[in-house]
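Two complexes follow with chain A in common, the first pairing it with chain B and the second with chain C.
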Partner chain A sequence: MTVLSRRAATTQRERMSRAIWLVLLGLLLLVLPRLVYPVLALDILAWGLFAVAFDLLFGFSGLLSFGHAAFWGSSAYATAFLLSHGQSVPVAIVGGLLSALLLAVPIGFLSVRSVGIYFSMITLAFAQMVSFLALQWTAVTGGENGLQGFARPSVLGLDFSNSTTRYYVCLALFAAGFLVAYRMVRSPFGQALQAIRDNEQRAQSIGYNPFRFKFTAFLISAGLAGLSGSMYAFGHGVVSLEVVNWRTSGEVVMMTLLGGTTTLFGPVIGAGLVLLLRDLLTTANLPVGIVTGLVFVLAVLFFRAGLVGTVQHWLRRKSADDDRH
Partner chain B sequence: MTGHSASHHSPSAVQAGSDMTHSAAPALALETRQLVKEFRGFRATNDVSLQIQQGEIHAIIGPNGAGKTTLFNLLSGFLRPTSGEVRLFGERIDRLPPHQIVRRGLSRSFQISSVFQSLSVRGNLLVALQSVTRLPHQFWTPLSRLETLGAQADQILAEVGLESAQSRLAADLSHGEKRQLEIGISLTQRPKVLLLDEPTSGMGSEGVARVIGLVRQVAQGRTVVLVEHNMSVVSELADRITVLQYGQVLTSGPYSEIQRDPRVIEAYLGEEAHA
Partner chain C sequence: MNTQFLLIQVFNGLVNGAFYALLSLGLAVIFGMLRIVNFMHGALYMLGAFVAFALGQILGLGFWPSLVLAPLLVALLGMALERTLLSRLYGLEPSYNLLLTFGLTLLTQDLVKQVMLSQYAVSSAPYTTPTVLTGVVNLGFVVFPKYRLFVIALALVVCLVTWFVIEKTRVGAIVRASTENPVVTRSLGIDVGKWVTGVFGVGVGLAGLAGVLAAPIYSVEPYMGAELIITTFAVVVIGGMGSILGSIVTGFAVGVLAAVGAAVYPPMANTLVFVLMAVVLLVRPTGLFGLPEGAR
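What follows is the complex of A and B.
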């Protein structure tokens, strides 16, 4: 077999496997409200997209943000605020997304110049400021009470008081957000980003300005985190201080690692598993924190590439073996 | 930082401003003037004035800690000099960031193989080739568009002898192949001046021979500056050699001259002879 045809065969096989993953994920999400109760399904969608947004930054840019709750939370508050002030659902969702983007401009500008633990610490510090603001600015956030009971006036005859309807609206938003992430990592921009992640000096020496690329990736990630935050507010119907808490930032890290970084599908699966597990444990009256923590530790020890990452490695090795025979 | 002219043969170059002021015959590709780099009072580069002619292969040698890598970092913009100048074809580049210096025609390789581990060999070259285009700023464009650069990538693959490895992950390459890819990545920038930091480090004699051939080949129509420890490589490749010691230029000249210089034997070659 010539090198060229082998290259074509490899790309084709990768394309096939990606298509299969996409179809499986799509089918699963389409039937999800029949498998679990709709509000849980809604949470899975929102957290799933949140984890995808986090993976864009951590997996593809090598930046471990420990403050992504700032974008998720500010967007959730903005959406809930707009809804409780009589705005329509589309306006509230777009408003949430924009508020996250706006917040990401100064935070990203100041943080992406640093790397490693410094980046994590700066993002955490900003997220704590946002969290403090949310606690103090009761006129907008409702303080300790949070925002709830806001109206979700119907649009185009869609009745948003029905949680299944909300689910499918959110599924459309999820698909749009996922598509953005998916196209981005498979674009020339995504390649440049990965090159910078792999070796920043080398990337600079071939003419890339790392700051520019990391900053753009930060904005896209924050924008998607914002979209997922507004999905959460719209779907869940309650926004409390929990959305800007540092635990939220930590949770999205855990979901992404559990599912597998740089896979995009993995974070969605990871988010789903964590939420299902938590739901199961709460209903069974078991200690949620201890069990999810244990699962996380086991996953990090034995499936370092995450669940989806491990399966992908296994499939790739198997197909490489098949090639040899 | 003006007002004094060193023993350079173009005093007109020391005029106000930093524009192109080239006068006499031998065109300089790369030049440093009284270059100094201090780290907390320690002078890693001490008053280095280098003149590298267009088209030559110029080797920089010296014992460990002589400041070779620091000099390379100053030339390529990864470090800013404390004082002094770096000029590329007469234009000052010592205040520019690395990604702008490469656009002016100077490309470098690294001592430790610096490739993009998670991309394929071909992907490494494509991502390097696309950096001069508008493509990297398009996040809604599919990767297949990169194939417009495919022919260029294939040409470089052939040039560095990595055609059969093109679809392998860069992380899976052997040490020697990484060095080849590393040079290939530098070539994507169509450099007029190529800086190679120890291109043969960690290689067996076979690999060294291959790299010597490769360097000679890529030096066609280019200026090459290399840091190298292996004296047989230096003697075979270099038109001229600069010897550094304690951050200073000890001497500069062709190999035959350098070889006989007692100070060089003392500082560097002697060390080799003892070993």
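What follows is the complex of A and C.
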């Protein structure tokens, strides 16, 4: 084989494997409510999209946001608030998404000019500010009590009191959000973003404005985090201060890392794993924080490629070996 | 609002500022040497308070011996963690060490929570103020608890001594040289790795000390460090990383400013530090004392 044709074969094989992954993930999500109880399945969808949104910044832009709970949480609160004030489900979900976007404009503007650890500290601090505001603004957030028992009036004959119905509605939203992320990282925009991540100065010297790209990526990521937050509020039916807590920001980092950064599918798998583990530990009455903390530490030390990353690596090496024979 | 009340707020602000200063000083020292941000700083602060509490329960030790012993134990633990875990990630992106120390934070907090619940059946425990320091002092213009004045004074002394050692002594020269250029420093026959561990120990020891000092004021609780460390991050961003003296000054100044601001407009009590951070980021993205990115 010539070099060129071999490269073409590799890209074709990669495209094939991507399609296979996509189909597998789709099938898994279609039958998920039969494998675990529906509310847990709903959580996996919402957190999965949340982790994908986070990875757009962490994996694809090189920006470790430690404050993504701000967007997830503000959207969850906005959705719950709109629902409890008699708005319809579509309005509430769009309203949640918009509120996250609105919040992302000032936070993103102030934070994406910084890089590295600085960016992490700034996003964390802003998220903490949002968390304090949520605690104080009881008229909207319900303060310590949170928001619950809000109506979810049926739309187009869909009965939202049924959790399985809610799951499939959320699956459609998830698919839309995932598609946005999928298209984004493969678009020229996404390619330029990754070039900036790998070498900012070089990207700038060939005419890309790093600030504009990173700011746009921040907004898209926050918007998708917002969509997932409203899915969470709609699916879960309860919104408490936990959604804006710093631990929520950390949790999404952990999910992404465990599943595998820059793999797109990985964060979804990671979200599923973490939620299943947490569910298992809670039922077995084991200390959740200690075990998840330990898993986090071990993952950072020894398993940074994550589950999907490791599998992909292994498959790629195998196919390279096959080529040689 | 009268001046009396404002003055009390200034002093309360100095107390908060003392904790910000001790913690951000430790963070700055560690960042200077290791180029990492220690997320665990808040958990080690909590551990300082918890160790003091546990020393009292198990060995019957009071405040004074604990004030020395607890920070030492925290420093030892920190050094062990640096050697065994943190050092594995030095060649990688600094973000990974932030993640590692975040994981260790979750672990530490929940371990302490578990121990407190199982051993002492409490989720938070008060810690008695030493008898010499109970009561109030009349400063002429304001009456203020003795213990809080002690906290301000001790924090100030410890901060200034640390600054002096780093800026003016031979030990400090070695530390600064290792910060500036580890390769050249190593070629001069100095074991930079050992100094890294030592400096990490000092940095987290300061957090442990802050924890012991905080115990009589806030009582001992597994999550006491979590919110404090995030506010301290904001303080670090305001001051800008890279200056030892800057981190001390910013710590105290932000403490006072936030307390006075809270007196003027109470709903802002919790959020003022973050608003300050936003303003500083807008006008001076590298922080008040920070160097421009290229100069580092």
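By definition in this document, the second predicted complex is superposed on the first by the 325 of 325 C-alpha atoms of A that agree within 3 Å, B and C clash if a C-alpha of one lies under 4 Å from a C-alpha of the other, contacts with A are read in each partner's own complex, and residues count from 1 in each chain.
Methods note: a contact is a pair of C-beta atoms (placed from the backbone, for glycine too) under 8 Å apart; a residue touches a chain by one contact, two chains touch by 3 or more.
Quantities reported herein were computed from a predicted structural model and do not represent experimental measurements.
In the superposition on chain A, contact is made by A:R202 with chain B only, not with chain C. Of the two partner chains, chain C is the only one that A:F296 touches; chain B does not reach it.
In the superposition on chain A, no contact is made by A:R317 with either chain B or chain C.
Counting the residues of chain A touched by each of chain B and chain C gives the higher count for C. Looking at the shared chain after the overlay, A:Y118 reaches chain C, while chain B stays out of its contact range.
In the superposition on chain A, no contact is made by A:R15 with either chain B or chain C. Of the two partner chains placed by the overlay, only chain C lies in contact with A:L64; chain B stays clear of it.
Applying the stated contact rule after C-alpha superposition, one finds that A:H85 touches neither chain B nor chain C. Residues of chain C that touch chain A in their complex: 36-37, 85, 88-89, 92-96, 98-100, 102-111, 113-114, 226-227, 230-231, 233-234, 236-237, 241, 267, 270-271, 274-275, 277-278, 281-282, 285, 293. Listing the residues of chain A that touch chain C in their complex gives 64, 66, 106, 110-111, 113-118, 120-122, 124-126, 128-129, 132-133, 135-136, 246-247, 250, 253-254, 257, 287-290, 292-294, 296-297, 299-301, 304.
In the complex of the two chains, the chain B residues touching chain A come out as 76, 78, 97-99, 102-103, 107-108, 110, 114-119, 122-124, 126-128, 130-132, 135-143, 145-146, 163-164, 166-167, 185-186, 188-189.
By the touch criterion given at the top, residues 3, 6-7, 10, 183-184, 186-192, 194-195, 197-199, 201-209, 213, 216, 220 of chain A touch chain B in their complex.
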